[in-house]
Every structure is written in C-alpha cells, then in structure tokens.
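There's a structure below that I have some questions on.
Here the chain labels run A, B, C and D in written order, and each chain numbers its own residues starting at 1.
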C-alpha cells in the first residue's frame, strides 16, 4: 500500500447515524464506507422512525448510545464531552433537512445522503443552515469518489480535452420496470417521502452531479421530457433531458428505472476539441481516453498514465478492482480529512474534494427544472431562476 | 453454407452505376456489395461529374459501357435489348433526384444511396417519381441489412419486449472534430451538395431509420438542439434530439461528428414492458437481450437462440464475423430478390425487406424537422405536418 | 442490505497481526478486509522484522499492544485474559511456519497469507501443527471469496456443467517484465524468502487453488515448462503447466509476471459435457454461463439467475461493483463465523467455506511439482507422491 | 476507398474449383472470397465426388464448364486456350494432394484449403509437387488475411515488442461437444478423410500457423496432451500443447471442439521484452497493444496508429467492421497479385504475403507431432525430425 489512502493517525472521528436501521439499504453502505479507512467510530444512532425499531436496530449493531429520535440525539450528544463529532443522515429524503438542521445548529458536522432534500424549499433552507453553521456539510454523491472519476476531472482541468463541447451522461436501471412493493421501491416512488422527482431525483441527480463534477461546468438550462411508464406510478420513471452548459457545451442526460438489462449503468462521456473520455460505473477502474488522431487508451486505476488525483484515493494496485464501497469510502475519508482539519484548526488540504450543500441544491434545482420543463412540453428552463 | 444467403440461380441482374468514380468512397462499397452474393453484373456507368473523369473511372474498372453523364446513360441503356435492369446512384445527395428520375421514368430499377435527397422538395418529387414508375426504388440504409438488426426487429415484432417504452439511438463519429479538407469531408459539409443537415443528414438519418426499422414505430414529433461546433462549419456537426413515437414510446437520438474516440459507433437500445435489446454496429454479430427478471443473453448471428429473419441473410457460421460489406450486400440481395420477382412476374417473397422511398422521405423530414425545431429553440416539431 | 453479509452481533474478535508494517502491501489489505464486515478488532501486532520498525509501524496504526517479535507476542497474548483470539500472518513466505506454530500451539487461530510456506518441508510441518492444534487455520486464497467464484462452484456442484472435461486457468501479470528493485519485487524474487517458485508460488498457487476450488476436483499430476526470462532472475517468472485431474478432466495453467498489458488477469474457464463457465478477476462481478446449445448468459452478483452461495456473501445490489477488498473480506468473515462457532462451542455452519492448511499444502506441492517436472524436461509429476 | 485493396485492372483470373458442391461449407466461402475484390472469374468446376452431384452443383452455380472429376478437368482445362489459370481445392483433406498434383503438373496455380493434407506422407509429396512445378501454391490459412493480424506481424517485425518471450494461442469451439451426425461433423471426425488429427488438424493448425505467422518464429518442439472426450470419437477433440520456439520463446496452444460457449474463439497473445499484443478473431478489427509501462492502446483497422501492412489490405474506414470473408478475400487477392505477376512475368511485389506449401507442411508436422507426443505421454517431440 505504497500510494493512496493511508491508514489513520490519531483518534478516530466519533460518528452518529440517523436512519439506516434494519432493512434499510443505504445505511449499511454508509457504515462500511466509514469503516474501510478506519477514520470513524460509530458510537450513537437514531436509526429508525419509531423508538422501538431504533432500539432494536441499534442493539443489533452493538451501538454504545441508542436514541429514540434525532432531536434527542442531537441535543444530548452536543452536551457530551465525548459526543459525536459528525452525523450521517441516511433517512428518506423528506427528513434530511429537519435532521440536518438539528446537528448543524449544534456545530456537529453532517454527512448527508443524496438528493439533498425532497423539495426545493427545503434545499434552500438547508443551504442557509449549512452556511450559518460552523460545521461542515458533506453530501454523499458517492460516484465522485471513484478514483477514475477524479482522473477524468483532472484531465479535463489539465486541458487534455481542450474546450468541452459535448457531454453524454446516463443512468439507466431496470428494477422498477414493473410495479414493486418492497420497502426500497415503496418510498422511492412516493412523492411525499422521495420528492416530486422519481428517477430524476433518485438517480438523475447522480448523473447530473457527475457530469458537472468531471467537466467543472455549470448547467444553465435544461429541456426535459419525463414520463411515468408504469401504470399508477406517481413519479417519473424515465427522463430524457437536453442540457446547455455555461460556455457553450451541450449535453444529454438519460435516467431510467424501466430499462431491462440495466442494473446501475451510470455512464459518462465527455468530448472536447482535443479529445474524449468515457467512464462507466459498472466497470469503474477503467477510463477510456482518446486524444484526437491517436489510438484510444485504457487508463487503469493506479496504472500507467494515471495521475495524482486518482492515485491519492486508491488503496491497491491496478488489476485488483476497487468497487462501489471503496468509492463511497473515499467520500467519507475526504470528509474525515476536512473534519480533522476543523478539529485541529488546520486548513483543509487543497486536494481534498467532496460534494457540498451547493451541489445538493443544484441537484434539487435540476429535479425541479425537469418537472417544470416537462410541464411546459419540454421548453428550456433555467436551473437557477 | 447450409443456411442463409444462397448463391444465384439463373442470369445475374445487369447493373449500371451513377457516381462512384475514382476517389469516391461509397461507390466502391456498392460494387463490392453487389458482387458478394453474385446476383449482379456491373455493365455500365457514368461514374463522375465530368466526361473525362467518367471515362477514366470506367476504364479503371473495365466497364463494358461508359457514359459521359447519367442522362445519356439512361436513354441509351433503356433502348438496348441487353440494357441495365437496375442502376445504383451513389452521387452526392443533391444529384440523387435528378439522376433517379431519368431511370425511374424508363422503368429501370433504382438502388439509391442515402439520404434520399438534399432537400425536402426533392424528396417529395422522388416519392412521386417512384410511385408513378413501374420500377422499384431501394434506398441503401445499409445498417438494416445486418442480420442481428433483423433479429432485433423480429423479436420486437414477436412481442418479446412487450410494448416498447424507451428507444435510445446514437451515431457518434469523430472524423470532423477539426476542419478537414479532403474530398469526403468537403462535400459532406457543403449544404449545397449535402443538404441543410450535416451530421443529421449524413448519419442522423441512419440512426433515425434504424430506430424506426427495429421498433416498427413511427416518430410523430421531435425536439432538436443542433450545433456546428467547428468554427466556420456551415452545417451541424452534433445534434441532440428527443423523440416521441406514435403509441407513446419516447426516445433520444444523438449524432455527432466531433466525438473523439468514436469511429462509426452507431448503437441502438430498445426497452419495453417485458425486456430490452442492445445492438452496436461496430460489433454487429451480437445482440444483447434481457427478458426482465432473467440474466442478459448474448445472441449471436446464426447461433443458438437466433431466429429465421437473421439466419435467412447470414452466410457463414457463428463466430466467424460478417461485417459492414455483408450487411450492405444484404440490401443488394434483398433488392435482387425483388427485381428478379419483377423480372419474372412473381410476387416478392414476404420475408424480403428493404428500405423504400418512403423511408427515405421520413429521413429527409427528420433532417428538416431537426433544423426547424432547433431554429425554434428546440420546440417540438411534427415530422409530417 | 436485505441479503448477504450482515453486520455483527456480539463482541468482535480480537485480532493480532504478524508482519504488515509500513511499506508492506498485503498487511494493509488484511486490515481493511478484517474491518469491512466489522467482525474483528485489531489489538496487537509485531509488524516488522526489527523491534524499531515494529514499534513505528504499530504506533502509526494506533495499535494498543505492540511487540518486538512474534514469539513474544504469542507468549504474552496467550497469557492475557483479553488476549488475541486470532492472528493474521502476513510476513514473507519463509516466516509463515515459524510464526504460525507459535500461535497454533497456544490455541490462537491463524489466518495466514499464501502460499502456505516457502518449502515443502515447512508445509508438511504446518499441516501437522494445524492438525494437532485446537485452533483453526485459514489460508487467504482470497479469490475464492469472490461471490461469482462461489456461484461458479455452486453451478459445478449442482451439475449445471455435467462432468467437467477441460479447465483453463491463467494468471498473467506484467510488473516483473524488467528487473525491479523495490521491496515487493525484491523479496518475491528471492528464493530464500519467497521459496523456490517465483511466479508459480506467488500467483500460480492462486490459479491452481481457484481451479480446484471451483471444480471440486483434485489435480493428480502436472507437466510444467518454467522459465526465468529476465536475466539474472533466480526464480521462474513464467510457467506453462498441463494438468491432469482425478476423474479424467484435463487442464492448462499459465502464470506469468512478464506479460505486458496484464495487471492481475486471473481468469478461469471450465467446460463440461453440458456447459461452460468463464470468470475473470478483473471484472469479478460477472460470470458467463453457457448451457450447450443455448445463448451465453451473463450472470451478475446478486442479479437474476444467481444462487444462494453468491448471495450469501454479497453486500450490495447488482450493478454496484464489489471488488478485491470485499472478496478478501469474505475470507475474513468466513473465518469469523468459524472462530465464533469455536468460541461458543457451536458447529460451523455448513455453508461457511474457507481455504485450509490442506489447500495450502496442495499449493506448495504444486510449486514443488512444477520445479521437479521442469527439471525433468516437463515430464509428468504426481502432485502427492 | 482511398486506401487499401483497389479494384482490378485488366482481365480477371480464370478460376476453377474442385470440391465445394451443394451442402459443402468452405466452397461457398472460397467463391465469395474470390469475388469480393473482383480479381477472379469462376469458369469451371468438379464440385462433388460423383458426376451427378458435380453436374447438379455446377448447374446451380451457373458454371460455364462442369466436369465429372478433377482429373478430367485438369487435363481438359490445360488444353484450352481460355482454360483456367488457377484452381481452388476445397475437398476433404485426404483428396488435397491427389487433386493438387494434377493441376500443379500442368502449370495451373493451386489455391488449396487447409490443412495441407491428411497425412505427413502426402504433405511431403505435396511439397515436392509444388517445388517442381512452375505454378504457385497458396494455402488458405485465411486468418493471416485479417488486417490486424498483419498489423501485429508488422509490429513484431519492427521490434515494437522487443524479443518475443511468451506466445499464447488458442482456438476453442463447441460444436462437437456432443456427437454430431451432419455432413460437416462427419468427415471432420473421420480419420480417413480428415487425417489422424481431429481438433489439432481442423483448427489447431490454424492456431499454430497464426502464432508462427505473427511472431516470424519457428516452433522447434512441442509437448502435447490430446484427448477425445466424446465417447466413440476416433480423433482428438481437445488438445493441450506446450511450444518451444527457436530462439527461446515459449508458448501454449489450446484447441478444442468441446468448449461450450466458444464459437470460433481463435485468440493470439504475444509478449516480448518491451510490450504485448492481443488479438481475437471474433472481434478482428481491433488489436490491443501495450508498450511496457504505458497504458494499453486499442489499435483499429485503418485507424490511427495502424501501419502500412494493415492499411494495404483494408477496404473501408475504421468503425465499419470487415469480417471473415474479407480476411479470406485478402488471401485470394494476395494470390491474385502473385498470379498476375506470374502471368506477366513480373516479380511478385515484396509486400504480397500468403501461406505457402511449406507452411502447410509445418501444419501437418504439427499434427503428427501432437499425436506422437501424446502417445509418449506428452514427451517433447521435434517438429521436423
């Protein structure tokens, strides 16, 4: 482990968790992500929506401190000498703001799942809460934690592509091709809990964020044609979106939950005056690069031709795949570097990168713009009116 | 060669050619395509825009009869007992109509390169000329000649996908990423010769045709955001298009000539209520099929699980790739079956399929609609007003 | 996280480590692997070959108890009430036996890196030490921890392939294409520390183990042509091996460290009377299955068509890749289930699978047989004489 | 069609055919291959083993001159002023020599399918017959006609790989996994007609030839473990072979007809001191190249980074796949250049390359050596004793 993520020095960060009880999916992912680089210690939680379930979930994890609800947890932890320094919020989207606020106002750092909130109003309040807090706010747009996504961003920034012209991004899935009744499907297709966007909120925001992260470009306006193909579904399950970026680049974004044969087929392609890049989440250790007029090259994580940004967050040699959990862990470890900097009053190292509350706002604006545009028959809508 | 394309019985079809002289690209492709299954004999040509070049080009090919221009050729060949029965028109787009008309009105079958014409007005005249002629009109949307494209169409028709919901089609290239001066680039970026559409006409029409061919669905309206990224270019070199099909399916179409790392990356994905299909032109002997809830399957040309429509136009066993030229030859051989049926007064066999003048009109309407929509800031435009 | 690896119940296993100090590669991997499923707590270590380095390495990891050497560590930990229950041995191969013996004889479970030992004599002593100990011995042939490898084994066992006829396994790398001087390269090409086998010991044993694990077949004899291509190299860097399995199956094994373009390209293909399987370590979430006469199917981790053995050790949904570290963690978590069963006097659950000291002996026999066969001009040599 | 194969000048070569009647597979392939570049005219044939079938097959193809048998054909054609200049021999292997001799001794060029003969004795007689004839002898090891195979050879020759160390070549199929009764299977598994080698003769010779062609190295000796897995089969259906090349390179060759999931999965990998190459027949327009220490590059037929040897035999731009038939046609067109040179007394151009009778002898020696080695329990056997 010569390069990349090194193991911790000093005391681990005391972490709490809101949501993520038994049967939840993303909570377990956050816990593994927090463990991989050994920079956190999970010591408290309010893991479910009822006290009983919270207790049972907390016990099953062997949590030292179990709370009935996040309000109590925030209040009590803030008072402890050994209270949590950071909290992971992994509830359904509609609870994100209310929970985050409690911790932010007490100076406890927040690591929040995406999308930021279920409504644009909440998103704006969240920005305000984050901005007026001393604590940090980290949004887990985890795909930005993949080393080869960092490599792509570095190459764009270095000018390897020249001026970006065309961006193609897509995130198709198939799990909602038919009506589904299990818990994950249920809340994600309920506009009350998930927000007005279905596929646009759940995965479209990831695609949108990834495109912006890699290109370092802002989307100015979008034109969207969204649809709920499954009868009775209250939120979109497929969206076709055209993008116009500041500076003249154009793009397309497709997200779908009704595309049989696609599991989590997030894919980004960026083309500029001098070259092109292609990356796919399901094969994340590779990045295709073409300098115009030369053969296509296959860059590999930690392999030849790969730069500092990717190497910095890699753990093992090329050819031994790192996956989704390591990418997610990179967000947690970036957050840890920022939190430790805050703890010790050091500046955050320049190369530490993580999604912020502003990225979260952009995502919620994206969903709102998709719904607005679609209601106007796919007319162009500004993202930030 | 137990199955598929068999070799000819009886006399080969006498073929002429307009365009396709020295330095032309597509003329040579048409000639190989006509030869592969041995159903044609090239006996006459007016291969270039000047008598001198026509003569030189014809001689280099050892053509029995060389003409200065297509008018003379049409008139004289029609008078011969052993005159051509069919003509291949492989000129720049703006000449298609004028040339085709001469042959159609004399009852000589026309095999015409795509797009149908450079203008919508010409396209409508071409339809009329074809409809009022006894001769056949075949448009070489050659990608519909790939066996696995036929397989995909057969599966859609058989209901393997259920009702189609989403269509994703794209045709990116990179050869016009920078200003190019050679002959192929020159006429294709000249609106006078190529038509008002650049990438939309040259490759967008292929993508559009392929999507309609496989799904058997009509596109009702489109919303397009087209762009000429290379400074000074007079026609689009990139187009983002949203599609609405009759019956409710939605789609996206991307064509580009400025996407470094893409050679001829035509790709089609179709998703329905029960399954999905994926096909890529650069790897044309394969078709991915997913029945929702089952593992993805890799269907191969002439292999297990592949049906009659593909087997009928295959020549060799699976694992020995057939390519672009064989797919192109399939259009010629389909045409030959129709022409021989006409020659002997037989009905055309039911399974013979080739692109018609109406498909050609749809393509030109698609280009016109893209330009119109883009001029209206990507508003939805009906294809056939 | 509905299925697969769940999180811990009860007290974590107290773990020690021998080897794995600063600059070591595999020690860090073991530590992450032990953390991912939260079943271990690293509390003691003798991480380097000198007391000074051991101290420094231990401090950098924040280890509670740091020892100068493994003997002291074994003795003292065995005497503590809260002493380690298991030890991970991640030294160079020639130290494995001496270290393991100290812990085994004190009833401390051993998790040992592969190959088992650097000599056949040591391997036999290790077997004896393990057999006469109450403690468990787990060998980290980590590739057997990939879910789709378990899937492959399950399918072979279920008879999906019929009787196995042909096995193709290979493990090419390229990092030793030229003389290398850094630490990892140095000890791995030193016969004193690594053993008489170079590529055969370091990666050939992995390939050998994988083939046997998936097919559940024993290799009876081998014929090997080994070579050291890089001038001055004292151990093989490329080996061509033919395999004969009990029951009549035949195989080929290729391992190389001088194959430019290969990172860790371990690949296994198994063919039987009724079907075939293909798996590649660099894309480990997929398994190709062909039932003879049907199209090839792509099975995905936790996806449709994948069985219980793979699902049991998966953490996240299909399409979100798990990687090398999760596969390695699965060995640790299998070991944990066995260790906890031992702790509480329960039988080890039937579906818990991990590589044993006997698998380790087979690997060392494989290396010895390769060297012996090669010395006899690739004559067939029995594995277990 | 600016580059590559151009169309013919002057009179086409008059071609005859022996074998290749109705129901034959490879005859049809030869006919298409001869047509694609328009350099041949098929004017005579003795297509089947009986006069009746020969007549029927010849008529179905519309052949001008149909003969009962090859002896009559050779004699009569040799006497005609407009007799055939070359003959394609596409019979079962055991007839190759008898047929070729008749034409060679009359100065008619022979284009012969592989393997050269069914016995080593015949192969030696064939060499003599070819050497003592004024006519040319071309063996259709068609895979050497793929442009990217030429590219690979050119790169090896140019020293891009440095000295070659390791060669991995394989040709697995699955069509004989079970007993098959149709014509193609029948003669290929009959030692009388096919020769003593089954998979070794039918496809092993292709793999062997390809490895030698690309590396420009001779195989000195082999050690083979061959097997007939299907009960009752009289010839091998799977072979594992270790190779030793002159100059020190080592290799492995695997051929199989019982590997479910493989169609015609011929694949070659070559590794040298400075780099590696990988090519697969089922995706033949691509060649992977790695210069050690740099990222892998994907070279494409006629694309950037591809040299003169490949461009010379390409017809269409990159991204439009050429396939098996075009590769086969390249052998025919190379032969045509040599035949025309002979016709006009010109030297054969230096860049014209085709497999010769000596390559054919090497292939038959390879089969004989495999059988001999296997009989001696896989002892090393010299290829040319």
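To be clear about the criterion, contacts are C-beta pairs under 8 Å (C-beta built on N, C-alpha and C of every residue); 3 or more make two chains touch, one makes a residue touch a chain.
Please read these numbers as outputs of a predicted model, since none were measured by experiment.
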C-D compared against A-D, more contacting pairs: C-D
Per Cα centroids, the chain farthest from chain D: A
Whole-Å gap separating chain B and chain D, where each centre is the average of the chain's CA atoms: 34
Inter-centroid spacing, chain D versus chain C (mean Cα positions, whole Å): 43
Chain A-chain D separation of Cα centroids, rounded to whole Å: 55
Of all residues in chain D, the ones touching two or more other chains: 262, 289, 296, 300, 303
For the chain C and chain A complex, residues of the former touching the latter: 1-2, 7-11, 23-25, 27-29, 31-32, 35-38, 60-62, 173, 262-265, 281-285, 300, 303, 315-326
For the chain D and chain C complex, residues of the former touching the latter: 165-166, 168, 170, 174, 177-178, 223, 225, 227, 229, 238, 240, 242, 244, 250-252, 254, 256, 258-262, 269, 271-276, 278, 288-292, 296, 377-380
Of chain D, residues touching chain A in the complex: 289, 293-300, 303-305
